[in-house]
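In what follows, structures are represented as structure tokens.
Two complexes, one shared chain (subunit A), two partners (subunit B, subunit C).
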Partner chain A sequence: MSLWVDQYRPRSLEDLHYHQELSTRLKSLASSGDFPHMLFYGPSGAGKKTRITCTLRQLFGPGVEKLKIDQRVFLSPSKRKLEINVVQSNFHIEITPSEAGNYDRVVIQELLKEIAQTQQVDLSAKQRFKVVIINEADSLSRDAQAALRRTMEKYMSNMRIILCANSTSRLIAPIKSRCLLMRVAAPSAEDMQTVMQHVSRRVGFDLPPDVASKIIDDSGGNLRKAILCLEALKMQSPDLSGSLTIAKPDWETYCQKVADLIISEQTPARVMEVRQKFYELLSHCIPPTVILKTVADRVVERVDEAIKADVMHWAAVYEVRMRTGSKKIYHLEAWVVKVMSLYKHFFYGMDFD
Partner chain B sequence: MASSFFKPQAQNAQNTKSAEKHADPSLQPWVEKYRPKTIDDVSAQDHTVAVLRKTLTSTNLPHMLFYGPPGTGKTSTILALARQLFGPDNFRSRVLELNASDERGISIVRDKVKNFARQTPRAQAVSSDGKEYPCPPYKIIILDEADSMTQDAQGALRRIMETYARITRFCLVCNYVTRIIEPLTSRCSKFRFTPLDHSSSSTRIAHIASEEGIHLESPAVDALITTSAGDLRRAITYLQSAHRLSSSTEPAIPITHRDIQEIAGVVPDNVINDFAQTLGIELDTGMQVDGMGKPGFDRIRNKVRNIIREGYSSTQILAQLHDIVILHPTLNGKQKSKCALIFAEVDKALCDGADEELWILEVALRVHKAIA
Partner chain C sequence: MSVDFESEFPLLGDVISRSLNRTTIPSTSISSGPPSTTIRATNFDGKTLYLRRKPATSARRKLAVATQGRHVGNLLEMPFHKMMEQLSEDKARELSRELDQPDHALAATVGSDSSLWVDRYRPRTFTDLMGNDRVAREALEWLKQWDKCVFGKTSQGKKRKRDGEEENYDVNDPHQRPKQRILLLSGPPGLAGYEVMEINARPIVDDRIRPTLETGYTVKSTKPVLIIIDEIDGATGAGDNSNTFVHKLVQLTQDKPQKKNRNQSGDKRTILRPIICICNDINASSLTKLRPHAAQLRFQKPADIHTVKRLREICAIEGLKAETRALSTLVAVAKGDLRGCLNTLQFIRSRNEEVTESVVRKSTKGMKEADNSVISALNSLFTPMSKKRAKELGLNDEAEARYVERLSHEIDACGKDSAVAVGCFSHYVTLRRHDANFSRYEKANEWLMTFDSFSSAMYNDGEFALSPYLAYTLVPFYPLFQERGAPRVERSQEDWDNLQLTKTNEEIYKSLNRCLQAASTRHGGDYRHLANWPILQLELAPFINRIISPQLRPINGQHVRPDERVLMNRLVDIMSNLELRFIQERLEDGQLTYRLDPSSDLALSRYAVRHLVAQEVDARVTSRHTDIVEKGTTGKHASFFRGAKGKSSSGDLADEDVLRPPPGKRPRTDAFVADDIADRPPTDFFGRLILASTDNKKSKSNARASNRSSTTNASTSPPKFNIAYKYKEGNSAAVRKPVKVSSFL
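Up next, the complex of A and B:
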């Protein structure tokens, strides 16, 4: 049995519940025969992947759902072996080049050229081109993006590329200018309400609107999270009545605890304690940026209006240092110390600068 | 001159088109379809074109280095020049084009480029379309996007360029001339390509629109030109995308400037104005900020969250906010300079791959503070 998220994922463009305008656009593009390279971007859980698969189905028919998973081996220039998982059907191929880390350029060059230089052999295929889906396009290295540039123009007759990214900021301009940009915004509360009601109807139970809106508030526009949460709640209490508490993930409560520790006492001993907790979180593979953001959010809720802006400012500063530096814990710690001193200074009415 | 580009070539382009064997021109991207066929077709770059036209008549070519921002016609110029020199039949054997999608490490320079460079040019094939081509006795190697070549690979080129200068000419094409090592630039005659001015872009777009039978309103043309900022390729791609969207419905709806902004990923004006007002920037749009008068921390944060949730690109938000602040009529110099400093810092952070929500919040809070 699969999760509700997968089980009730819309299969065709008609089934999509929100962003109707986008759906009609995609539909007409897919049927016009003049299909461009595309770039889907938007926050996670907004439905980018769903829209891509629906578009593929519209392009090629149900054949695209016959997937097979391959493992391909590429050789890096230094003869190192890179193993990449590739999902493909007869009509499309899906890769996540960021799996290859620094060598993503090799993957892009080899794979795309191979696909681009072979024509569609299946005569009954609806389109003459194949589609390459590149996931997490915003984490492609500059080199890999540069390698895409000319390929996209040159082999237009044999293939189309669909890029899927969270943001367009990290894509180089030449790539953006070669694609048709498709913004997939997060669904509004009403949209999410309809989708969740739809899912509950399909499963066969009644979803009280207030429960739904509670889940929606918690999900922050992430529909996938909302549906997963709904399923979890349903498992906990099958009748969905009484006082429901949406269980927060462990790490989130843990982060809040850290924030409370910072607020309640500002001493070197407390810094050590917080450090221990950060290590714990990091060793459970919680991304440092997420830790920093969650803790900062919680801290900001509890401090005075006057220093809120400063707390966020230093969070932003240490976040970028974390990216450019190598040891994450240093910067997390530095931020904690900074916030503690800010708080203390503010508390004793001292001026700092 | 700017307005006269491409005019006499309208019929000419059609002739050459029939000679080429494209599978289906309707499926081609328009940037390829309307690539200039001769160097006289090239938009706007008057000076470069004038120099190159002279070399066509004398058929003596120096090593060349083309540099300039994207979409100004660098690759188009050299391809058109090569085509005019050699004609379609000799083109394959005389021209080697390498770009960033090909492996271009030092080994490739040593093998592929060197091998091609040292070959004696083959005898001129009789042109099949009955036209005369100068076909000078040398080959051309085009190194497209040369600024992404490694230093070592560029170093390996130095001697090759000199040794085979008699039978091979190099043409380096790049965006940033500073990334090409000094010994290479000194071996080439440099041509700078400037961003296209308003009138040449609009004439070119109008030409393509009329060829494709699109009716374009002038606000749409303006939107195309402003969003593309002198990058003709981008303007043409946007036009094609907009055309695809508009023609796919029945009956075809006309292209509006909003369509073009959406395709270009521009944040709508009302969203960005609303954001600016939340930060305390006064705008005379006649629109009232919703709710309370004084913007507080929580309000700014909620606004930022909403914007990020809509999926707009943070660099785009930053760019547009920058325009609003810098062009603002009443803010004083000090406030503007403070904001400019903030924008620069945030842009750097975003380039380093920082978290977008945090940094948009950061820019919002600091601009708010600087203006208050």
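Up next, the complex of A and C:
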């Protein structure tokens, strides 16, 4: 038995609950017989992958749901073995090249060439081409993207590529121009409400709308998170009654604690304390950019109107630097010190000038 | 002359190079023909030019070869090989002249200057040693322990074996050698080597041979040998490779005497001679294997007074006038490095100067830095130079205030910029200096970030041209944070600890990821979207922790309310799908707990509840295993009886492979089940749970969920018992056929 997230995932374009105009467009594209390369982008948990699988089903019929998962081994130029999980059906193949780290170019090249050079075997297939889905396309290295761009043109007759990314900013322009861009926006609160009611109906219980809206508030437009949260809640208190506390992920509460620490006191000792907490978060593999963003959000909530913009501005500046650097903790702490200084200046402004 | 030549030659070259693309006549005429007085050349207009040439001297010719040879190529007036000959002749003549000269010069000045003072004043006997009395005595003691082994038998000389007397002796008396057969001497340069050479020259040792250790174990000579290996920290021993030098050395010492007894004439011989190793850095990575096997002696820097006294004696012998003050300055600057002092003195002597303080200052400018650890670099970043040291270096206030070059040099010299940066990072917050508006902190962080972006540009993008700037980005910590009397910087483990912790957690997430992959294989790709990297940590991990820790009452499995049973079933389903297990463990205080594997967990549920869940999960897994076994046997039956080979059986085997949890898990779960079979909930013959209630629900969910748990389905609905199971249409290519239960009972 799967988790609800997977169990009640819509399988076809008709089943989708929101972004109806996008669904109709995808449907007409799939039936037009002239299917382009595509790039789906949008925030996490908005339903990109769901839409991709639905589109595939529209293209090839229910046969695409017969999946086979295996591990392929590629050799890096330095003869290191790279293991990549490949999900495939008779009509498509799905890879996450970022699993190979720096050697994603090898994976992209070998796999795509192999697929592109073989024709569709199944004569009864609806389409002449196969589809390659590339997940996390925005973490592809520059080399891999460059390798992709030639392939996309050369093997157009045999293959279509569907890229899935969070944002287009890290994709090179040639790739973007070769794809049809599909933005999947985060669902609105009403959309999420309907989806969650649908899920609860399918499971077989009544979801009070206020509970649902509480979960939705917390999830920040991430439907996957909302449904996971719902399931956790249902497991914790099966009858969904009484005073329910929507539990946030631990790292989020931890980040909020850090933000409160920053606001409440600005001393070297406090800097030290915050550093400990950052270390703790980093060691649990929480991406540093996410940490910075979450803490900054919370800080902005709590500080005075006058310095909100500054806090955010510096968070952005330090995040950019963090991406270029390698010791993340330096940048996190630098931001903390900056914010503390801003806060102090704001409060005791007269004393320093 | 040369100016003349310079001004003339380019003209020629110019002209020729211009005409080269049209005609090659001039070049050939020049290179092949004999030297003539004019050179003919043609310019672009086809006009012929005649250039007069001046008679060339050998010096000029040489210059021509050196400067223009490449351009003119075959345009030389003299064949190339001749020129080379002449050059070599010149060189030979020059060399012979040089060889003659020093003899005269030396004979004329002081005959004794031909040797280095360092060698000349090397201590000859044990009593010449200076400082470190205790260490020296210990070394001697250690050496004396060998006496019985080395000399005891030689005098008597009975029962000689083929290999010589040492071997014989060793067989009889294995314990007469000191336990540790290698002596490892360590200390800063200029101290250790000096004294060890002295021990070496002791009269005990009749013969000084340093055999290469790779070739021989004991050198078969009639005279005993002491082996000294100098600079062993530079040896190749860091790797795990078994044929490194240090490894061989250790092997050499570890040959057991009793082994010797068994094969007397064996080709392996134990060592019977002392080995002394000398190194500067005892913590060098190449020595890690050697350290446990060696007796270690560490030399300390002798007191400055001793060194000064010694220097004064030497000066007296050499007839060098020296002020005591100057000598003590010298020792202080050199930080007790006697070799360095002696070299400097000899240098001063060679210029026939007196040893005064200013002379010493001048000649010790480039003296090497002795102690270059990360910690010392950090300390000089965070504390100003002590007055004493400043005086020793002869810096006035102004020079002392100029810190940038000094500090950047020091950081560079220690060679671990990133370690220094980490040290700065962990130390600056602990300082007590008042910083009201955090401006210094901001600046410090600014510099740290600059350092980080430089170094990552260096190491990630290969921009190694940036490396000279790295040290300078850390220097600003000095003006920002230096303080007299600040606490000494200590090595901070925080960053390292954090790194280790991160690695552990990454492993945990990786194994969770593997579980998800396995689950998605089993469920037609259902879990695969959750296994991606940031989603796994940010969304799945926290919620799965909650999902698998519902509030259950800790009671016996049979007395549960129906709704709790539903909850429990779902929990067990999820856990067995994701291959999450509760593993029983005993804590340090003897208490039993259940640990979630593979995940770091928050211990949300109680022991009893976990116990219950663990049992159920194990039961579920076991039932799945029995399924596999049944299928496997039917597959064989089918192929055996009906000759339907190949397809069905191979399909079944493939299924079995997919379903089996990773190796290593299975024995453990089985053993666990066998352990407390008494208090397990009742099961039927196949080890499946007998579930009283919620049949409809369960069968419905089962029909949705898994293709292969259909046996459970059948067992929970007894009326349909005549068909044991059938293959459902899944993604496998298995053949569907009904099978009677009686066929495998």
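One rule holds for everything that comes next: the second predicted complex is superposed on the first by the 349 of 353 C-alpha atoms of A that agree within 3 Å, B and C clash if a C-alpha of one lies under 4 Å from a C-alpha of the other, contacts with A are read in each partner's own complex, and residues count from 1 in each chain.
By our rule, a residue touches a chain if its C-beta (ideal position, glycine included) is under 8 Å from a C-beta of that chain, and two chains touch if they have at least 3 such contacts.
Just so it is clear, the structure is predicted and the values come from calculations on it, not from any experiment.
Student: For the combined arrangement obtained by superposing on subunit A, do subunit B and subunit C clash, or do they fit?
Tutor: In the arrangement built by aligning on subunit A, the partners subunit C and subunit B fit side by side.
Student: Output check: A:H17 vs subunit B and subunit C. Expected answer is one of first, second, both, neither. What do you get?
Tutor: In the superposed model, A:H17 contacts neither subunit B nor subunit C.
Student: Thinking of the overlay built on chain A, is A:S237 touched by subunit B (first), by subunit C (second), by both, or by neither?
Tutor: second
Student: Let me test your reading of the model: by the given contact rule, A:R298 touches which partner, first (subunit B), second (subunit C), both or neither?
Tutor: Neither: A:R298 stays clear of subunit B and subunit C.
Student: In the superposed arrangement, does A:H92 touch subunit B (first), subunit C (second), both or neither?
Tutor: A:H92 contacts neither subunit B nor subunit C.
Student: Look at A:R51 in the shared chain and tell me whether it touches subunit B only, subunit C only, both, or neither; answer first, second, both or neither.
Tutor: neither
Student: Can A:T324 be said to touch subunit B (first), subunit C (second), both, or neither?
Tutor: both
Student: Given the touch rule stated above, what does A:R160 touch, subunit B (first), subunit C (second), both, or neither?
Tutor: So A:R160 meets neither subunit B nor subunit C here.
Student: Look across subunit B and subunit C in the superposition and give the shortest C-alpha distance you find, in Å.
Tutor: It comes out at 12 Å between the closest C-alpha atoms.
Student: Per the definitions at the top, what is the overlap between the subunit A residues touching subunit B and those touching subunit C?
Tutor: Correct list for subunit A: 324.
Student: Inside the complex, what are the residues of subunit B that reach subunit A?
Tutor: Touch residues, subunit B against subunit A: 23-24, 26-29, 31-32, 70-71, 99-103, 105, 144-145, 148, 228, 231, 233-234, 237, 240-241, 244-245, 247-249, 262-265, 296-297, 301, 305, 308-316, 349-350, 352-359, 361-362, 365-366, 369.
Student: For a test of understanding, state which residues of subunit A touch subunit C in their complex under the given definition.
Tutor: Touching subunit C: residues 1-3, 5-7, 44-45, 49, 65-69, 85, 87, 96, 98, 135-136, 222, 224-225, 228-229, 231-232, 235-238, 247, 249-251, 266, 268, 271-272, 275, 279, 282-287, 290, 321, 324-327, 329-331, 333-334, 337-338, 340-341, 344-345, 351-352 of subunit A.
Student: Can you check the complex and tell me which residues of subunit C touch subunit A?
Tutor: Where subunit C meets subunit A, its residues are 418, 421-422, 425, 429-431, 435-439, 441-442, 445-446, 448-449, 452-453, 455-457, 459-460, 494-495, 498, 501-502, 505-506, 509, 517, 520-521, 523-530, 532-535, 537-540, 542-543, 545-551, 563, 567, 570-571, 573-574, 577, 602, 701, 704-706, 731.
Student: Using the touch rule from the top, collect the residues of subunit A that touch subunit B in their complex.
Tutor: Spelled out, the residues of subunit A in touch with subunit B are 24-25, 28-29, 31-34, 36, 41-43, 46, 77, 109, 113, 143, 146-151, 153-154, 156-157, 167-170, 173-174, 176-178, 180-181, 183-186, 220-221, 289, 293, 300, 305, 308-309, 312-313, 315-316, 319-320, 323-324.
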